[in-house]
Amino acid sequence: MSLETNRKFNIDTVENAEKTPDTELPWAELGLKKNEFDEVVKVLGRRPTGAELAMYSVMWSEHCSYKSSKNHLRQFGEKVTEEMKKDMLVGIGENAGVTNLGDGWAVTFKIESHNSPSFVEPYQGAATGIGGIVRDIISMGARPVAVMDPLRFGAIDHPDTARVMHGAVAGIGGYGNSLGLPNIGGEMVFDSVYQGNPLVNALAVGVMRHEDIRLANASGKGNKVVLFGARTGGDGIGGASVLASESFDDTKPSKRPAVQVGDPFAEKVLIECCLELFKGSLVEGIQDLGAAGISCATSELASNGDGGMEVELTSVLLRDPSLTPGEILMSESQERMMAVVTPENIEAFEAVMDKWAVEYSWLGEVTDSGRLIITWDGAVIVDVDPRTVAHDGPVYDRPYARPDWQDALQADSFTGSVQDAGRPAAPAQLAAAVTELISSPNMCSKSWITKQYDRYVGGNTALAFPDDAGVIRVDEETGLGVALATDANGRYTFLDPYHGAQLALAEAYRNVATSGAVPMAVSDCLNFGSPEDPDVMWQLAEAIRGLSDACMVLGIPVTGGNVSLYNQTGSTPIHPSPVVAVLGKFDDVARRTPSGWQEDGQAIYLLGTTAAELDGSEWSNLRGHLGGLPPKVDLAAERELGEILINASRDGMIDSAHDLSEGGLAAALVESSLRYGVGARIALQDLMDRDGVDLFTALFSETQARAIVGVPRSEEVRFNDMCTARGFMHLRIGVVDADSGILDINGVEDLALDALNEAHEGTLPKYFG
Amino acid sequence: MSELPLIGEAVAIAAEPRLAGARIGVVTFPGTLDDRDAARAIRLAGASAISLWHADTELGEVDAVVIPGGFSYGDYLRAGAIARFAPLMTRIIDAANSEAKLPVLGICNGFQILTESHLLPGSMIKNDHLKFNCSNQILRVENNTTAWTSDYALDQEIAIPLKNQDGQYIADEKTLDALEAENRVVFRYVGANPNGSRRSIAGISNAAGNVVGLMPHPEHAVEAGYGPETPGGAGGIDGLGFFTSILTKIVGGAK
Amino acid sequence: MPRIVVDVMPKPEILDPQGKAIVGALPRLGFTSFSSVRQGKRFELTVDGEVTEEILAQAREAAETMLSNPVIEDVVNVEVLA
Amino acid sequence: MPRIVVDVMPKPEILDPQGKAIVGALPRLGFTSFSSVRQGKRFELTVDGEVTEEILAQAREAAETMLSNPVIEDVVNVEVLA
């Protein structure tokens, strides 16, 4: 007998499972390995019922159980100092970490991936990615206040890229805009390694008062369990495990996940409705339904609380009445939440639901039995210890080893390579090189994307595209606010996973500090290939080790994140792409520093020193080279630079600041002048003499821990003194020339801002319309 | 009635008591997004913002009403199509057409709701480029005699955010001719037409001038540093005039 | 269960940006036989019992008042789905 | 000029937020006879001459490849408009 024939009217009860131990179960089709299935049998002391099998299979999937990464992720919790714990109100493990902002305010943020769904159906995949991460934020008790979207696509000129780009961007906009959440930043990278595996990551940030923090646990015997929001349909059944534990392989179309369609209107209503519940203190515990749906919500709520719960599954409101109990448990239908409510609050809870016309159904109650019992019309179909489902999944120590090609890769430096031949040196060549750089797929303006996102809604967006960090005001009275940036460089991480991950953190940290905010917390989305490939597993292990080490040095903790594995086409993985988000704090967002020059005559300073670091750079990428070692990581310098930028912003010593990252000084100079259409005169001879580099290197090297700042005349002495006192290299490289309409760099042919702007803005419209 | 807490508390403004007595309603439908912003704009201008809930059957004591932007009911059918049938809309339509001529401002989705309600002629369809467009738009004020535009100079150019997917204003030629002849084109887009709107129309009024609708968002341009970009971050408050205009009218009328 | 179909199309004199985009894209995919495309909406309303004349009249009214906007759209068809 | 109609509907198992919003609103206007609504698309393709079998085949192919998204939609009808 198979489960198929067992479907509708012949429900596989626990009693039946005990009587029919030899029934064949489709554990392999559901993504479980033989040893995992055997473990389920051992845990239960009998074969699982169909419903139990469904639960274990989704909850023990890579996506939900982190079975390949768990052993490594521990470092984020272990490598923390007291300093790092100081402001952490809720750490890793909950739906999202919570950080103290002071004045009774707290902030929660998290980044997640929705990669494979976005390849299959870009619009809906990306849209539901936003929907899912926003629900994580709501379930902490917070009001979501902004989203961000780090994106990676295949080659810009590949025929399939437009499909994914158009769909993903429209989906992120379509969903986020409808929720009234400003989009305050993100990333956009084109690289053929992402052709069959685009990365669509989504970040959401929310704020709350300390007393409103909610956790996902079900406590209090006799409290009622309620499911509310959208009805349950057949969405993504098997999606969680099939999607995340099998590589996407187009020879097996039957393994394609069912597509989920998002309903942003339903989610917007759900947000308002939840906030009203929080305000009235009407829920004891709350959990969003994402991957693994009801399986996840019931087992996590129960095991984090008093340990028991009883649920009648026929009470679930269905969109598709033909769903089996197992399918109901696995469904990933969007826009649903589960909550625990005391009997006294039932009436008030229902009134809120009715006001917002949100559907709900009472499913059962909290018990102290230590068992999660699910019935179907009274017959027990699940009887498990919820911990075994939610927390005690398999953990693998997957073998890993430094790939045998890594040494050769690192030895293959750009300098002196075939691709390096004819390096630009003459003024006209350098001007052409700058223009080529800033119109290249990765360095061009992202406004084609960001124009499709609402940045104004809420009235609290203090900075967004194209500045280094997105900045949101939290408290209108005091100006208290937060800044956020996300970064990753897959090429750097490919060349050296340990340092590459640190570079991602360093850049996000630097971006936040550049805006003037004090970095406080980290969330990360680790996008990698198959953990069953020892090369990839090594990349993952190294990246986590690097990131956790660097967090210690910078003194900011990881408060949450997400791991996305099996991002590969056939046996070719993507570049290891640890996307790192850093959150910072402003006492008053009015002090924020924008990235563009403004006032005529202000001095332009370069902070930091420049080495010849072109390996993995955008310039080498444009020449088709990838090899050597990424730029050196100097976390002490990053910290010092950060402090200078933060102090200078707080004390009003600078009017603009822009960090140097991909594309080096050339990119930063162009971006700072295009920001408000303000020109400048730049001379780099002193820099070249001091650091021993040529003009090309000064412009295109990607040495870290650098930034350019605009200093008002009246502040120059004070600014210089501060940098000197801190022993940080700083050099006056030019002056703002507001009305010239020209970026004039000594030794480079004059760059007219109009032409630069056209080159910078033209690229995405040229490919995507 | 729903309460609309801002993220933090309202910006502290000591409104002149005479002004704070002016009550301007802000309607919230399921899916409304910019209600908080509209309320903030009203408070920044000095009046009291009164939250109105779509399902309410009475309008209560308000001197004017703002129907803010967003995606009522997801705008899945047509923008504003379902919201138009809300109980409160019936009250608003009656009050706008009554002798008292209740001033009503529809912003973006609010404008779409007003056209679906036939308080204003024409309709909005998808932008000609089919994409959502969020940008900083320059408008020209072509009629400064309406309840909502009296604080602007005629032909003044103002910078106001525009953000929508269904922002292309259309009406038949006869209607367009009549709108122009009756001086009911209140705002026009300056520069390149951002969405294909007929005759670059950004906003219109009814014949009496008490009902005004426009696609761009004045409530997002009322506080320096949080609206349209200006170097130095000091500007960007060109939208405030909508809210001071209505206040002038209300208070002036009460004198 | 019986269904009633309501078809709504943009008025002929009104520019249809979506139809325009499609007609521009068709030839690029080798579909060269179509000189214009217009995109409208199709609604399927499920009726729980029999479709009476009264219910059909309701559907017609819903089509005119809510499912379409007479300023820009025409209801081109209301019929019981076979 | 002859027209070919292509009707596209969301797949039955897929959530249709549009239809959901409409079915929620209908009763408020007194339309109580409809238990569910689904919203799809109707395309009208104008053909410049006679509608040959070949052109109809083209329309069918365009319907499947471009006018619908097979992941979430079904082409429910392709016919020559009378």
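In this document, chain identifiers A, B, C and D correspond to the written order of the chains, with residue numbering beginning at 1 in each.
Operating definition for what follows: a residue touches a chain if its C-beta (ideal position, glycine included) is under 8 Å from a C-beta of that chain, and two chains touch if they have at least 3 such contacts.
Worth saying up front: this structure is predicted, and the values here are computed from it rather than measured.
Greatest Cα centroid separation from subunit A: this falls to C. The distance from the centre of subunit C to the centre of subunit D, with each centre set as the mean of the Cα atoms, comes to 8 Å. Subunit B has its Cα centroid 36 Å from the Cα centroid of subunit A. Each chain gets a centre from the mean of its Cα atoms; for subunit B and subunit C, those two points are 31 Å apart.
Within subunit B, contacts with two or more other chains are made by residues 73-74, 76-77, 82, 85.
Residue positions of subunit A with contacts to 2 or more other chains are 263-266, 357.
Shared contact sites, meaning residues of subunit C that touch two or more other chains, fall at 66-67. Contact annotation for chain pairs lists A-B, A-D, B-C, B-D, C-D, with touch applied as defined.
Listed in rising order, the residues of subunit B touching subunit A in the complex are 6-12, 30-31, 33-34, 36-37, 40, 70-71, 73-74, 76, 131-135, 161, 163, 217, 219-220, 222-223, 225-227, 229, 231-233.
Residue ranges on subunit B touching subunit C, taken from their complex, read 77-78, 81-82, 85, 115-116, 121-123, 125-130, 168, 170-172, 196.
For subunit D in complex with subunit B, the residues that touch the partner chain are 17-18, 21-22, 24-25, 28-29, 39. By the touch criterion given at the top, residues 1, 4, 7-9, 19, 22, 25-26, 29, 31, 33-48, 55, 58-59, 61-62, 65-67 of subunit D touch subunit C in their complex.
Across the complex, subunit B meets subunit D through its residues 73-74, 76-77, 82, 85.
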